[in-house]
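These are the structures, in structure tokens.
Each of the next two complexes has chain A plus one other chain: chain B in the first, chain C in the second.
Then we have the complex of A and B:
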């Protein structure tokens, strides 16, 4: 039987249809939605949650959870502020911010991989420690020294090759992580280790090392996202990470539900749809606490759609109930 | 056992048919407990069952034989209410019935034990037996009367000559005990007339099988009719009264076991369209003493095996027969670096090596085809190329980047070599049958370019047709590599290996040699001695 459309093509078409519907709905309410200015704003808004979500994708592909991202974000942000206030130079600040994220991620990975500790509890603990350490820097007060003199704030609006730096970072991250996860042998071992760690071990791959790399990438990309966020705020504060966990998980799960499997393109697709919705709500001046509820609702819908049992149910309801009630 | 096609035709057309008829006349007096007539089932364009007639006599053990996809499972699923037949009648105990759901089938007295029975590992035996029927009162706050439940379960077990501690957790029980608990779970309702057992012996050792067969015979004598699916032909003669062979969605023949044995009907021939050659490929004999590719020197692992000495040479198949728990599985994993020995040496081509991980073993050219390919050999949801390249990703990439085109070509050649069907590279491993999944693991070994291959239980859950292909492949491998086969199937080890020995309670009973008879090998493995 020859299929005209492959299953993946159908999924991509569903995604495009969804984007079109969202655009049409918001455009009919507010004419400001489909403008170049709003589109630019949308992309830079997507940068923070998109970069965190791409890092999280590696952890989700490993079938693990990382709940430390918020704590890591606060610690990265405060490290950034501290190094900037001490050195006043941009390069060491950027490196320190990403390095501290990477370090926390590697600790997560080592504890979950080599320590064989449960991922959820371990990452909550590591996240809490990181959050506590964020307070230790300045007793919980903000850092705002050297932000203008070093050019930190320009990160948010300067351009590279005509592209805003946040969007540029989003694209670069997407290219690098996408290549790493989908076109290298390391990426192949991520999917293998996530789906069958035992067979992966018997194939001569160190699952523990894969875990360390995966959690490490997730942590480091939180650092990258914090660069954008803090440069936008103009000061480092301990609450910087408060809002990153939910959008990141929603992006990954929504993308996986749309394209059938967690991957970098899927996460970008999920992140785009979520940001489009949030952006629309902002234009309509809907209070942010409502949009939090909407994002949470999308997350639950995405989890339901991503669950293989539910997918099976949608495909063949009769057989699903029969095989799950027999025996 | 092997007959020419015409001889087999004659035997069916001639005397056997007559006898079958006279048998039918005799049984005409005793009505069948189950009559399925003209059963048809289609899945889209595929015809799974084509006007199948199947009769089950009261109080018989009736084996269903056939390669994967022959239709036996579909028939069983229709009988237990999981599928609805497109056409045909089902008459149970003289009454025509509609089996629309598993519940309806249970009402009609049909009880099924699935191939891998789903038991709750954390609960005790008796709790599992009455799972879902803990008591008459379904009230949320009603106390479960465990004492009554346990007494009832023990009464149920009393009928059988097996001793199982029903207060033990399922996880702590042996495979056969789990199987018996699953059977008891199916028998817990009063009116069971037909019991279906789907490959109950696939994970059992010989001794355990005998226990299960005893239980089946007792049930038979108490009036329960048993339908029994198996891949192992020899079991038919051990336990079944009659058997039916399925092929391509039809029933080919129903014969009594006695008749088949007397007339030497070749069951494999009935099961396969084409004539089947010998199941095992011819053996090879090494003329000169080559240096061993892999050598074990008094290798020991506490609690599993001790003082194992052997030499595996390139060009031959070295076979170890051992029951589950004899240490063969642990020995294989130790040779592959997945377990660390407590003592002794592993010597590769004259050099003592330490194998801290499978990674190190693969680097030294050792490849393990594990006993449980679904959990240890394959990433089921990923495709053939993904799985085949997994054990040698270095070869599959250039500076880390995957060589998609080259890989597709290399793997394409390999799956042609191992005769994978269907030969589709982008199909998920889970979509292949057991035998073909094993072929993917072998292709993975070939891709890793190893020169020592260790097979554990190479044909568990593989049907007869695919089995002979696999044996051919293993022989083919051994021409340029050292092959070690470890199996709890004595015939497999005997038929396949050039030199063989048995493991009994962690000890190598004799030095591997070529002069052993099958019976010697069997008693070495079962009792640790030969007398």
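Then we have the complex of A and C:
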């Protein structure tokens, strides 16, 4: 059977059509939408949720959930503020912020992998422990020492090779994680461990170690995202992680619905569409709580579309009804 | 022989571990502070335990059948804000509470429909429905909280007291007792635990699993909504983020409670012991001047400990990985 377009090609075309429609709708309402300045703002906004979502992708590919992201974010944000106020130097601050995220993630992975504990409950517990520890710094008060003298705030708007640092970090993260997950042998074992952990174990791959690496990457990337967010706010605060969970899940599931399975390109696509919508709503000055409702709604639509039964229904309605009414 | 002994030890631990912890905590706080064992403190403790007990009551069964519901705090906040918004808008308490419960039923049915009929993963689904419900709750008050001036018919429940036990507590206890009766004695209870043990076999045996899942989701939402309304009465205000701190409490109580009696399966009695443990911990800790942060860490450790006990003592369910 000859196909003019491969299934993946069709999905990519649907994605591009969706982007075009969103652009057209917002552009017709506000002429500020398709401007260079807004595009730069959009990419910066996408950096935070996109980087978190790429980390979460590894966990979702493993068919696990991570609900500790918000707690880890608060802890790494406060660690960042603490180290910056003590040392006043940028490099140890950045390393500490990412390292604490990595550590929390590795603990998650070890408890789920080696401890055989259920992922959801474990990550909720680790997240709440991390959130509590965030308050241990400075009694939960904001840190804003050395933010200007060390150049922390410039992270948000300085450029590398003519690209803003947040966007640069987004691209670098996408390249590294994309290469790791899709072009290395170890990356492929994530999909194997997600599909069938037992078979993966017997084919000589340590599923436990894969879990540790997966959750570890998710934690470390939360640290990276916090660098951008905190440099943008200009001070470290415990509430820094409050808003990262929902957009991250929405990006991953929307991407998976669009491109057929969870992957780094899919997550980027999902993140782009979600950020384009949120950016448009911000331009129209729609209050934040309506944006939350929209993100939640997109998430439901994405899960429904990603559902294998729905995919079957769209592909072959007759067979769908035959198989589902018989049983 | 060895395994019998081990089973007996783990059985003893799982049946009496939590009540024992509760007693220890109670004695600890009573002896270390002067104010813990006073009528005023105990009254507050029982009241807050009753309201959160109601909030987590229906949630317990949703977790029992192996589904995850994380929208319960959002449902409570939504009911809370609808009540506040409508009372302030002049619709009166009866209509306001009716609409709040109706909204809760709607969210619960939506959850149940998506989980049972569409067979979507419950965790992500309820993250999304919870997100919508809390967004709606925030939208009612345009992002801020609202004070309620007018007192309504529910005020009686808080004002009528027998000693330190108010009507709210008695009402909640009655509902909990009824649920316990359903769980232990009625067919529905057997259905719920058969679905918990083997959903496939339950379905093959002719149990309407999808319908039960929807009923449990709706019941959970009604409980959360009712607790949200009670919080509106108690605090005389509607607050969009009212139950945020109860999120972790709920999961801790339900999952910790699941370590008691029916190994690994959340049940009503276990949840209530979990609720009491948290209430004692929070009240006692507050008297000792512990910060919110300390509670967050302690609850997290408690949760981790509870789950580890279930998984590691239940060797038969151990698996490669």
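By definition in this document, the second predicted complex is superposed on the first by the 317 of 327 C-alpha atoms of A that agree within 3 Å, B and C clash if a C-alpha of one lies under 4 Å from a C-alpha of the other, contacts with A are read in each partner's own complex, and residues count from 1 in each chain.
Note that contacts are C-beta pairs under 8 Å (C-beta built on N, C-alpha and C of every residue); 3 or more make two chains touch, one makes a residue touch a chain.
Only a predicted model underlies this, so the values are computations on that prediction, with no experimental measurement involved.
Colleague: Which partner does A:183 reach: the first (chain B), the second (chain C), both, or neither?
Modeller: A:183 contacts chain B only, not chain C.
Colleague: Tell me the contact category for A:111 with respect to chain B and chain C: first, second, both or neither.
Modeller: second
Colleague: Is A:12 in contact with chain B, with chain C, with both, or with neither (first, second, both, neither)?
Modeller: In the superposition, A:12 touches no partner, neither chain B nor chain C.
Colleague: Can A:201 be said to touch chain B (first), chain C (second), both, or neither?
Modeller: Both: A:201 reaches chain B and chain C.
Colleague: So in the superposed three-chain picture, is A:300 touching just chain B, just chain C, both, or none of them (first/second/both/neither)?
Modeller: Only chain C is touched by A:300; chain B is not.
Colleague: Taking the superposition as given, does A:128 touch the first partner, chain B, the second, chain C, both, or neither?
Modeller: Once the two structures are laid over each other on A, A:128 reaches chain C alone.
Colleague: Touching A:90 in the superposition: chain B (first), chain C (second), both, neither?
Modeller: Neither chain B nor chain C is touched by A:90.
Colleague: Name the chain, either chain B or chain C, that contacts more residues of chain A.
Modeller: Of chain B and chain C, C contacts more residues of chain A.
Colleague: Just to be sure I read the superposition right, which of the two partners does A:249 touch: chain B = first, chain C = second, or both, or neither?
Modeller: Once the two structures are laid over each other on A, A:249 reaches chain C alone.
Colleague: Which chain A residues contact chain B in one complex and chain C in the other?
Modeller: In chain A, residues 198, 201 are touched by chain B and also by chain C.
Colleague: Of all residues in chain A, which touch chain B in the complex?
Modeller: Those residues of chain A that touch chain B are 1, 179, 183-189, 191-192, 195-196, 198-206, 322-323, 325-327.
Colleague: Which residues of chain B touch chain A in their complex?
Modeller: Going by the criterion above, the answer is residues 45, 80-82, 101-102, 112, 114, 117-118, 336, 338, 357-359, 361-363, 368, 370, 375-382, 386, 389-394, 396-397, 400-402, 404, 444.
Colleague: Would you tell me which residues of chain C are touching chain A in their complex?
Modeller: Residues 68, 70, 114, 118-121, 123-125, 127-132, 134-136, 138-139, 142-143, 240, 248, 251, 255, 291-301, 303-304, 307-308, 311-312, 318-321.
Colleague: Going by the contact rule at the top, pick out the chain A residues touching chain C in the complex.
Modeller: Going through chain A, the ones touching chain C are 65, 67, 111, 113, 115-118, 120-122, 124-136, 139-140, 197-198, 201, 207-208, 245-246, 249-250, 253, 287-293, 295-297, 299-300, 303-304, 307, 309.
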